[in-house]
Amino acid sequence: MIKLNYTELRHTPSLSPLQHKIHEIIFEADTFWGKVFDVVLLICIFLSVTVTACDSVESLHSEYGYYFNIAEWTFTILFTIEYFFRLYCVAKPWLYGISFFGIIDLMAILPSYLSLFIDGPELQFLSVIRILRFFRVFRLFKLVHFTNEVELMLDSLKRSIKRIAIFTFYVFIIVFCLGAVMYIIEGPENGFTSIPVSVYWAVVTLTTVGYGDISPKTPLGRTFSFFIMLLGYGIIAIPTGIVTSEMMLPKKTITTRTCSFCCREGHDPDAKFCKYCGKPLD
Amino acid sequence: MIKLNYTELRHTPSLSPLQHKIHEIIFEADTFWGKVFDVVLLICIFLSVTVTACDSVESLHSEYGYYFNIAEWTFTILFTIEYFFRLYCVAKPWLYGISFFGIIDLMAILPSYLSLFIDGPELQFLSVIRILRFFRVFRLFKLVHFTNEVELMLDSLKRSIKRIAIFTFYVFIIVFCLGAVMYIIEGPENGFTSIPVSVYWAVVTLTTVGYGDISPKTPLGRTFSFFIMLLGYGIIAIPTGIVTSEMMLPKKTITTRTCSFCCREGHDPDAKFCKYCGKPLD
Amino acid sequence: MIKLNYTELRHTPSLSPLQHKIHEIIFEADTFWGKVFDVVLLICIFLSVTVTACDSVESLHSEYGYYFNIAEWTFTILFTIEYFFRLYCVAKPWLYGISFFGIIDLMAILPSYLSLFIDGPELQFLSVIRILRFFRVFRLFKLVHFTNEVELMLDSLKRSIKRIAIFTFYVFIIVFCLGAVMYIIEGPENGFTSIPVSVYWAVVTLTTVGYGDISPKTPLGRTFSFFIMLLGYGIIAIPTGIVTSEMMLPKKTITTRTCSFCCREGHDPDAKFCKYCGKPLD
Amino acid sequence: MIKLNYTELRHTPSLSPLQHKIHEIIFEADTFWGKVFDVVLLICIFLSVTVTACDSVESLHSEYGYYFNIAEWTFTILFTIEYFFRLYCVAKPWLYGISFFGIIDLMAILPSYLSLFIDGPELQFLSVIRILRFFRVFRLFKLVHFTNEVELMLDSLKRSIKRIAIFTFYVFIIVFCLGAVMYIIEGPENGFTSIPVSVYWAVVTLTTVGYGDISPKTPLGRTFSFFIMLLGYGIIAIPTGIVTSEMMLPKKTITTRTCSFCCREGHDPDAKFCKYCGKPLD
């Protein structure tokens, strides 16, 4: 999802030299101006998010609200220009527009324009949507050369996602049943006003967050909490075990070498011969 | 416990063709109608649990209580029919009735019928018992093909259950003694009203849940809490260590084959040829 | 500490046949009566601890205090008789008296007798000391055959104790400095009344317990808390890493074989020759 | 940073015999007087930090403030003398002055002197800065022979620092977006007064600290919290996985030697003979 094959988009012959040039600056980080652009964009994103965050603080809003508004519109206009340049310099603008980053880019500017036409409580909602422009930061990962490390981590996560999904599903059912039992034990008079609230409490307890806004009061409820907490202790070990065991695998299987005879992959880095057909590897 | 050998039950010659057909639909997920049945059942379980949960919310109950009651009885009747079909299509109904899922199935319908004869505070208790029908979802794991992954996780847990039991026992004793000491230090005037309450506090602290309904007030009690928390830090590492080390075992024990030509080890389980010398592996 | 070499004590020729017999029953779990004794003892310990715990609950004490007192004295007399039998049947009673379990045994009975002579607030203190008799449970591990598993876990802990000690020391210094900084930032008006209290808060935060009795109020304090919490996230990974990596080792190095030529240990289970001197191993 | 090459500084020929002698005592721990000096210094640091901590407690300050002040000045003068001796006995005093420990040493004494010229609220700030002298303890690690263990742990951390940095960055962005969404859902009337406050809540929740000073009140907010907490469950597994997998590497990468006679691998680093055939290893 994150890796849009920009190179492919770019090598379409229909791009004019100017488009090529802009594409290089905006989408790539290899040239000097490409890097400058990325750093400026990074600063803009951080500043605009900071402005939105500060604007939500009542005391700052009443005092500097006017300046925040100006800053907000400046960033919106800058991002709008950038958005159109991005659309201009790719071979298939609509394809970019519906890509992950295309939508994020649009969401970064749309709320400001919509706020011109909308009034009332929805206005605040819109101004907060802007904070999603923070996601644009992910694009700039190509600037810092973390790609390989990120790949490795995402890879570990991807391979363990299925097991974590099952685990989450189990936790979901357990939490539901624990919450229901706790609702019977404690009851509305001790803060467990309904099953959904009890389930909320069970999640807060099992994940060891423990806000304390709801806590067991009766001896039986506290005894039952003992076991929930000890269960949480054991349960927290499972995702850790999954991720750790996955993370220790990649050291062995990083290579992407393919046998030129049988076209099979998955050879160890120290392999000299294909393990499937026995032919020498390159 | 979860794996009831249904296949065995079914191949008993006493089953009529109709029973065979129903068995295939209800108990298996290989045929089209089997899958349809499982999906419908899954939806029914989720809906009925949601209804029970919503019904426990005071504001929703007073407004939609009537509709919730209708929905509840609809699901109860559906589950009752299903239950009798299950009993009908197995060779030994009583054997199914006392199996894990047989009891769960009965518990899913019984409370509604009992509520007809019982009145007063027990009524609420009964209505919540219904939520245990959520456990029926586990039966549907055969639908989603997670069996292999689940097997692996359960296997890791099973192998580490003994060590986790010992660990829990140790934690139990430690928590009891810590609670007693804390009761002496803080005393009833700081919220540690009795030893059971202090033990409850010790569990809440050691598992890093930390509600905050009871917390140390005296300097000595807080100093002592330091060590309990640091201990909890160390202790949380143990179940994680156990589960992780168990989870990593299967990956390792697979590859012990040695090439009979170059005597080298470390071949993948799917390797047919030695990756060092290219000779065929045994 | 836990393993007292009872066998050695027993084989001293000075023991009479009666002493031998009693020793077998009390200290060992191989014979029928030895097992019966251990089970009875286990039940007595659990019951007496439960009585002490219940007696500390105000409402139970005022109602059943009289019966609790009787039960308490019954257990005290039983444990006293047991203590004297233990002293009687070992060859060197004073050596047993100063051993770990000897002291625990004494502490299990002493508080009750002392309570006859002492009055006032110390009385409550004494009654709670009794709860330490719970530690006697550890003696009964020889009953359940968990020895091997426990050995393995203790072994992992023992080997990682040095690294965990260093880690704890680092955490201690970090927590102290973080607490001091937080004291400057938040100050007494936000609940951080002194440096020790701030350090207490830092421990509560870093270990992710988070009671909430003290929490940052100022924007700067909350920003600083961000980093403490993220630090805690990273720090919790270290003891887990230590214990896990130690736990995965023992599978390789359980053997206690010693080379009969150079007397060195540490050979792998599959070793046929001493890796130090090259002589064949047994 | 921590390892200043003192040896190099010392072997400069310009040092007089007296300087050599003092250097040996102050900077090294091999000789008897060097060890005595280090132990005395350790005690002084601990005492002075304890004094500063106790002085911040209001009740202790009003009663013993006078004595704390005397103790504080005694330690300050002692540390000043030590500081000048350190400067005196190194070949390049200014190089030591700007080193990590040189700055820490200066910060340990400066606040006391500055407090003579400054009055008002800054005074308290200065007195707390003194607590940073606790960092001087790290110098004394050479006393306790933990160097090897610490090296190993720092090494694991160093190798995983890049991945942890990326991870922290991701967590930072996720927490920001979650906080913004929660601000929309709950709003100022439920304690989520601004985006920064909501982000603070998101960090407190995701790291499972859970103070409870801010907690979701609306059903939607609580449902959303479910997923944040479950996410936190998964996320806490990642740094653990990183550190654990790094910590387990050194044990593995040590043994790659192969016997030149039987071609078998898996020899321990200290092995001199092949454990399979008994032939000498290279």
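Note that the chains are named A, B, C and D in the order they appear, and that numbering of residues resets to 1 at the start of each chain.
Following the convention adopted for this analysis, contacts are C-beta pairs under 8 Å (C-beta built on N, C-alpha and C of every residue); 3 or more make two chains touch, one makes a residue touch a chain.
Predicted model, so just to flag it, every value in this text is computed and none were measured.
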*Report which of C-D and B-C is connected by more C-beta pairs in contact.*
C-D
*asked:* More than half of A-D's contact pairs recur, by residue number, in one of B-D, A-B or A-C. Which one?
replied: A-B
_Averaging over Cα atoms per chain, report the distance between chain C and chain D in Å._
29
*Report the inter-chain centroid distance for chain B and chain D in whole angstrom, where each centroid is the mean of the CA atoms.*
41
*Approximately how many whole Å separate the CA-defined centres of chain B and chain C?*
31
*What are the residues of chain D that contact at least two other chains?*
196, 208-212, 236, 240, 242, 244, 248
*Mind pulling up the chain B residues that touch chain C in the complex?*
162-163, 166-167, 173, 176-177, 180-181, 183-184, 188, 193-196, 199, 205, 208-212, 215, 219, 222, 225-226, 229-230, 232-234, 236-238, 240-242, 244-245, 248-249
_chain A residues touching chain D - in the complex, by the definition given at the top_ = 49, 52-54, 56-58, 124-125, 128, 131-132, 134-135, 137-138, 146, 149-150, 152-153, 156-157, 164, 168, 171, 196-197, 200, 203-204, 207-213, 236, 239-240, 242-244, 246-248, 251
*Which bits of chain C are touching chain A when the two form their complex?*
208-212, 240, 244
